Structures are given as structure tokens and as C-alpha cells.
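Order as written gives the chain letters A, B and C; numbering starts at 1 within each chain.
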Amino acid sequence: MKKSINGSTLKKFITLALTFAIVQVLVSTNIINDYIFSTLATICINIILATSLNLITGFTGQFSLGHAGFMSIGAYTCAIITLRNPTMLGFVIGALAGAMLAAFIGFFVGLPTLRLKGDYLAIATLGMSEIIRILFINLDSVTNGAAGLSGIPQFINWGWLFVFTAGTIILLNNFIKSSYGRACISLREDEIAAESMGINSTKYKVIAFVTGAFFAGIAGAVYSSYYYFLEPNLFNFQKSIDILVIVVLGGLGSLSGSVIAAILLALISTYLQSFPELRMVIYAILLIVIMLFRPQGIMGSKELSLTVFKKWTRGLRDKKNGGVA
Amino acid sequence: MPILTVNKLTKAFGGLMAVSNVNIQLKHGELVGLIGPNGAGKTTVFNLLTGIYQPTSGTITLHQNNEDIAIQGLKPYNVCKRGIARTFQNIRLFKDLTVMDNVRIAMNKNTNYNLLQAFAHTKAYSTEEKEILDESIELLKILKLEHKKDELAKNLPYGEQRHLEIVRALATKPSILLLDEPAAGMNPAETAQLTETIYWIKDNFNLTILLIEHDMSLVMKICERIYVLDYGMVIAEGIPSEIKSNKRVIEAYLGEDTENA
Amino acid sequence: MEQFLQQLINGISLGSIYALIALGYTMVYGVIKLINFAHGDVYMLGAYIGYFCITNLNLGFFPSLLISMLVCALLGATIEKIAYKPLRNASRIAVLITAIGVSLFLEYGTMFFVKPDPRSYPPLTGFMAKTFRVGNLLITSQQILIIIITVVLMIALQLIVKRTRIGKAMRAVSLDGDAAQLMGISVDRTISFTFILGSALAGAAGILVGIYYNSINPLMGTMPGLKAFVAAVFGGIGIIPGAMIGGYFIGLVEVMVSGYGNSMYRDAVVFAILIIILIVKPSGLLGKETREKV
């Protein structure tokens, strides 16, 4: 038993190290050029955003439409700190400070609003993120208003992207596979039953919300440092919807689903880059069609793992054999 | 020695008195029945005891370690933390989760590792998770569900779902267990089996049990004392033989449904 | 004082628009418990249909208003049939996401066909271009038109809901859909009708805003849609008079914040109001508390 746990940890470690090394080689040899790298950066940022929103909406069942608001807090905080202190250390401090501030605001927004159910919560979080955006537009002295911040020092390379993205996935996965994560999931399933079994619903909703906000802040920091330009309107309602689409397409309650969907949608939108309106129409149709025909998304609430893969291939093989016999 | 005292408990929904002036006392280690015709307010009493409804007036006092603790109006999870667990009449399992997860979720309140240890999967985490796993399997064995631990709760047959509700309640380590119609929908053989199980868990877990049940034969057979509720009021209280011959009880049941009485 | 009265007039005009949109939100929420995110976009389409009637077909204002209401009504019913009806038994979150999808589809579909640039309604002539002066107060004939049409539509709506069979069916379905079904009311037809009524009102609001503000664009529905929703929540969602009161209230607040404070903050104030109501009294001004069955 013990050995197999170590074995699987080792396997995971090797997979991670290999992924990192292969991409690093491709970047160094310029096979991944700047253009491809920007898609890669978008994918990584979207993975962080979608997995963290999935914790709130998919796992805990709390419908949030304000994720872009938390992202913007991380982005602006990190940008302002790195502009004053343009060093690697400044960036790391900025990213952590941004994430902490997003988490902090998440706590104060979440505590009162998480008592609301379903669509009411959705609207309250939407309102909250709109308020944040409007404040950023109006706090001229700090954020340079609607014109935005430019010339933010760029520290994001593949190494940082990898650390932040893999780190987010691993930490969120660990959380979900703990007593805390199970408590969150139980709230999604049946809040009254969960409360009757000793689960403090407010506590776990707030934990999920604050954790989600923290990682959205990280994503914002990575965004600001990679794109070196910020304006409040980048973080509007539309942005929150973009993140939601990834989560829903991948499957509410599946981290691997969010990862797959983030990659898939990045590819689609890179392909459709020259037709921005068409891109949104396709997004819209995608959303409606998924809800009508596969509301559980690509992965449902399952995770992609080797055992699932093995079962699937075995199923295919059995079908084949059955056909022959 | 009393473990729970309910004094003048009243719940009004608008103008309707769902429960009025109910007094109940449970002694440590007792198995007490709560019966009454449909709509008499039995489940409302459970919902009041477990904090799902706030009482309009009256008190609920828990006597633990020589202390009297007022629990009326507490949130359900706080009531649960004080050691009262329940099952639901209309089965409220976490349907889309595995049998194992249903039990593990109920052990949440007794888990000690902190949030950071959960994020980092430290040694404290793995040691305690292993204990949770082992303990869950032990609990599942009591109702012979251990071989179904990886199935989704919704895929269990009806009877086993009721059993899982009991296991889940036990996993919260209660001192008082409230069972809401545990034998509903079971055949006589299953009911007999369940009776044995209820005895067994009561003795082995040192429990006090309050039970709502429609199956009179079950109630008369296993309950030491019975409270009868009608129109939200306690109309009789006593040992099974007294209840059987109580005129008001017979009237209450005849008025509604003769077959049950 | 004069300035205040002037703001009051402006606020009531803007509030009328919000009230018309809010009515659709509230009625739909009443019958199927859905925040119809696409409702703001039906209003946007109403503005475009009005624009095409007036500029391309050279129709007058009133025929354009009628056509706009009619087409929007049809559109509302179609949206319901295609996107929401198949999800009658799905989770609330699934329907809400579908509604967001429909909203994006209408916005960017429109943008694809008419291009994102704003268009302006043709300049008004005759009576419609007049401005009346009462003391130092200025009232434009568009404002008078907006206020009168809104009141007429509201009275008509009240008559339909209170006096007609289908109106009674609407109220029955919003009280208890299952019971209404058992009483022989066709729930599906009632829901369709609710969408028809709500969308027609949104269509009217669209064309009114077109003549009032002159400029229209494919994304113009998002913000007023959200604010009308705030209005519906403020008055108590599902309650028709609540939506009217809420609409006027939000319109007034917005105009007052712009007039006396900083217009940059007017949206923030509206959302702050929303969050405060949701926390303090989520059932809204006229709403009653409900409890969940266990």
C-alpha cells in the first residue's frame, strides 16, 4: 500500500519533470517561438483561472460570476509592486501580495454574500467585480484610470509559468482530496444533509471562495507580468464569462476537465483570432449546445487518470473481442 | 439519568401550529419511539431538534458531562457537533458520491489536520486520512456495505440506501441518534434484520435512540417508551403496552388510518 | 430645487426604460425561476428593429414601435422554445449558463451582421423634436413620449395579468407550477406567453431608448439589462409592481448620482445597492420570506 503511494508520487513527479524539460528544450531551440509561446502563456493563465473557479463553482456548487474581479486585484497589485521594484524578488513579492489581497477581498465579499443561494450569489459576485472594475477606473493616482498601466517589467518565462500552473493544479488537487475538499463537495450535493452531518456550510464556502480568489490573484499577477499592460476593461463581465465557459466545457467538478478545456479553447480562439465576433458567436453556441446535450461537460466530475484511461482502452478491446466472437 | 430534555417546544408556520408545547425526555441508553398519524409533526420535531428549523418557543437541553447545554436555535452543524445525529425520512444521501465518501464526509467534524496540511498533503494528513479510511470501512461492515464502498450512493438498492444513512449518522460519533422511519419501504424480513442492527448499534456505540416509525410492530417490539404525537401535541406517553390500550391513541389512529393501529 | 426637479424628470424617463425591461425579468423569474440573461439583448434587438423600420422602411414611430414589440415577442418565444424548454428539468446552474450563452449569441450574432460600430437614430422631426419649457425646467417630447407609453403599457400589462384567462394562468404558474398543471393549466403555453409579454415590453424599451439617446450598439443591452435586473430584485423578484417601483428607483438613483456626485460611480452605486438588498432583504421591497422544505 505504502509502496504504491510512493510509486504513484514518483510517476507524477517524472511526468511533471518531463513536461517541463521538453517544453524548455522547445523554447530554448526556438521551436516554440514567441507567437506559440503567447498561446502557451494564455493556456497556463486560463488553467489557473479555470481550476480555481472550478473549486468554487464546480466542486463547492457556488455560482460565481466575479472571477475576473479577483484576477484584476492580483494583476494590479503585482504590476504596481513590480513597477516600483523591477526585480525578480519584486515580482515574486508582487504576485504573492496580489494573491493575498485577492483572497482578503474574497473573504470580505464572500462572508456576507455566500449566504445567498444560486443565481442570487451569481448576481452579487457579478456586481462585486463590476464595482472593483469601476474603482480601478476611478482610482487614477494608483491605477492610471481607464488608460491603464503599461511598461510593467516582464519576468514571466516558461519556468515561472510552469511553477505557477503546476503548483496551482497540485495544491487544488490536494485540497479537493482532503477532508476540506470533501466537505466542499458535500455542500454542492446537499447542503442540508451536509450541515446535519456537522459541516459548517459558511466556513467551507468561504474557504473555497477565498482559495479560488487567491489563485485568481496569482493568474492576474502572471498575466500582468507576461503582457506588461493592464487596463480595467480587460477584467469586465466578459472575462468572467470566458473563465466560466472553460469550467463548464471541461466539466463542473473536474480539474483535468478544466485543463483540457483551457487548451482546447485557446486553440480554437487562436484559430479564430482574426474574426473576434465569430469567436464569441462560436463560444455562445458552444455554451448552449453543451448545456442542451452534454451538461456535464467533457469530463463530467471525473478526473483524467491512468486508471480511467486503462479502463477505457480495456473497454475498447473488449468491444473488439466481443465483435470477433 | 436524562440526556436530553425537550421543554414546551413549539413551532408555528404562519398561523399553523406544527408542534405545540411538546415535552420529551430521553434517558441515557434508552430507545424511545415517536409515533403519530401522518402530518402529526414528527419530522418537524426532528427538524427542531437538529436545528434545521428554529423553534418559535421552548427549550431543548442536552445533559452532557454534568453540564446542561441549551441547543435550541443552534445551527444544524453545531447540533451535530454536540453529539446528535440523524437520518432523513426521504433519504438525503450525497447521491453522486461514493458510499465511502458519504461516510468520510460525516467524519469531517472529527478531523484534526489543518488547511495548510491539507494543501501540502503532509504526514499529519496521510496518517489521519488512513485512520478515516479504516474507520469508515469498520462502520460500513456493520451494515454489510463494505464491499460496495466504491459504488455511487444513488446506485444502491433502496434498503441499502437507508442503511447507508444510518452508517453516515454513526460516522459523526453521536451520543444521540434520531432515526426517521428507518424501516420505510422494507419487507418484514428486512425490517427484522434492521431491528437487530438497531439493538446492536445502540449497545455497541453506547447510544440513546429516538425513532420515528410507521411500522407499529417494529415500534412496539423495540421501543422501551413511546411518545404519541397528534396535531403537533403529545397525546400519550408510556411503555408499549400502555400505548396500545390508550383510548386517545386509538382514536387518533382510527380517525386517520385503521391499518396502522 | 429646480435642478432637483430637472433630475427627477430625467430620472423618471430613464427609470421608465428600466421598469419596462425589469418587468420581463420579473415575470420570467416568476414562472420559471430563471434569470433570463438574454433579456437585455432582446431589448437591444428591439432598438435595432426600430432603427431599421424607421431608417430603411421609412415607417413612422408608432408603426415601428408595434413592429419592434411584435418581432421581439416572437423572438422571446423562440428563445424559450429552443434554449430553455429542453432544460425544464435541468439544474438551475445549467439553465443560467444557457441563458448567458443565448445572451452572448444575440450580442455577437448582431455584431457579426451589423458591425460593432454604434448607429444613430435619424434626427426627429415635428412634434418629436420639440422641447417644452416649464419655468426653468426642460422637458423634451421624447421624455413625455417615454413616460406616457410606459404608463400605457403598464396599465395594459396589469389588465392582461389581472383580467384575462392567460394572465390568471401566469399568476397560478408562478405560485405553484405543479398545482397549476394539475388544475389543467398548460404550463408550457403559459411560459411561452410570459416570454412573449416580457419580450414585447423589452422591444418597446429598446426603440424608446433609441429615440431618447439616439445611439445604439450591439452591446447596449448588457448594462441596462443588469440594472433592470437589480431593479427587479429591489422590488422583489417575481412581483410585477415591484419591478415597476424598482425600475423608477434605479433610474432616479442613477440620475441623482450623476447629477450630484460623480457620474463615473453611478454603475458602482447601482451594484452596491444590489449587494446591500441581497444581504439585508433578499426577497426585495415587496417580497415575502420563503423557507425551504425539508
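Before moving on, here are some points about what is shown:
Simple rule for what comes next: contacts are C-beta pairs under 8 Å (C-beta built on N, C-alpha and C of every residue); 3 or more make two chains touch, one makes a residue touch a chain.
Since the structure is predicted, the reported quantities are computational estimates derived from the model, not experimental observations.
Chain centres were defined as the mean of their Cα atoms; on that basis the chain farthest from chain C turns out to be B. Closest chain to the protein centre (all Cα atoms averaged), using per-chain Cα means: A.
Centroids built from CA atoms put chain C at 34 Å from chain A.
Taking the mean of the C-alpha atoms as each chain's centre, chain A and chain B sit 40 Å apart.
Chain B and chain C have CA centres that are 49 Å apart.
Within chain C, the positions touching two or more other chains are listed as 294. Residue positions 52, 88 of chain B each touch two or more of the other chains.
Within chain A, the positions touching two or more other chains are listed as 192. Residue ranges on chain A touching chain B, taken from their complex, read 5, 171, 174-175, 177-183, 185-186, 189-190, 192-201, 207, 301.
By the touch rule above, chain A contacts chain C in their complex via residues 57, 61, 63, 112-113, 115-116, 118-120, 122-124, 126-128, 130-131, 134-135, 137-138, 192, 237, 241, 244, 248, 252, 277-278, 280-281, 283-288, 291-292, 295.
Residues 34-35, 83, 86-87, 90-98, 100-105, 107-109, 111-112, 116, 222, 226, 229-230, 233, 262, 264-265, 267-268, 271-272, 274-275, 278-279, 282, 292, 294 of chain C are the ones that touch chain A when the two sit in their complex.
Here chain B touches chain A in the complex through residues 50-52, 75-77, 80-81, 85-86, 88, 92-97, 101, 104-109, 111, 113, 115, 118-121, 125-126, 128-129, 132, 168-169, 171-172, going by the rule given at the top.
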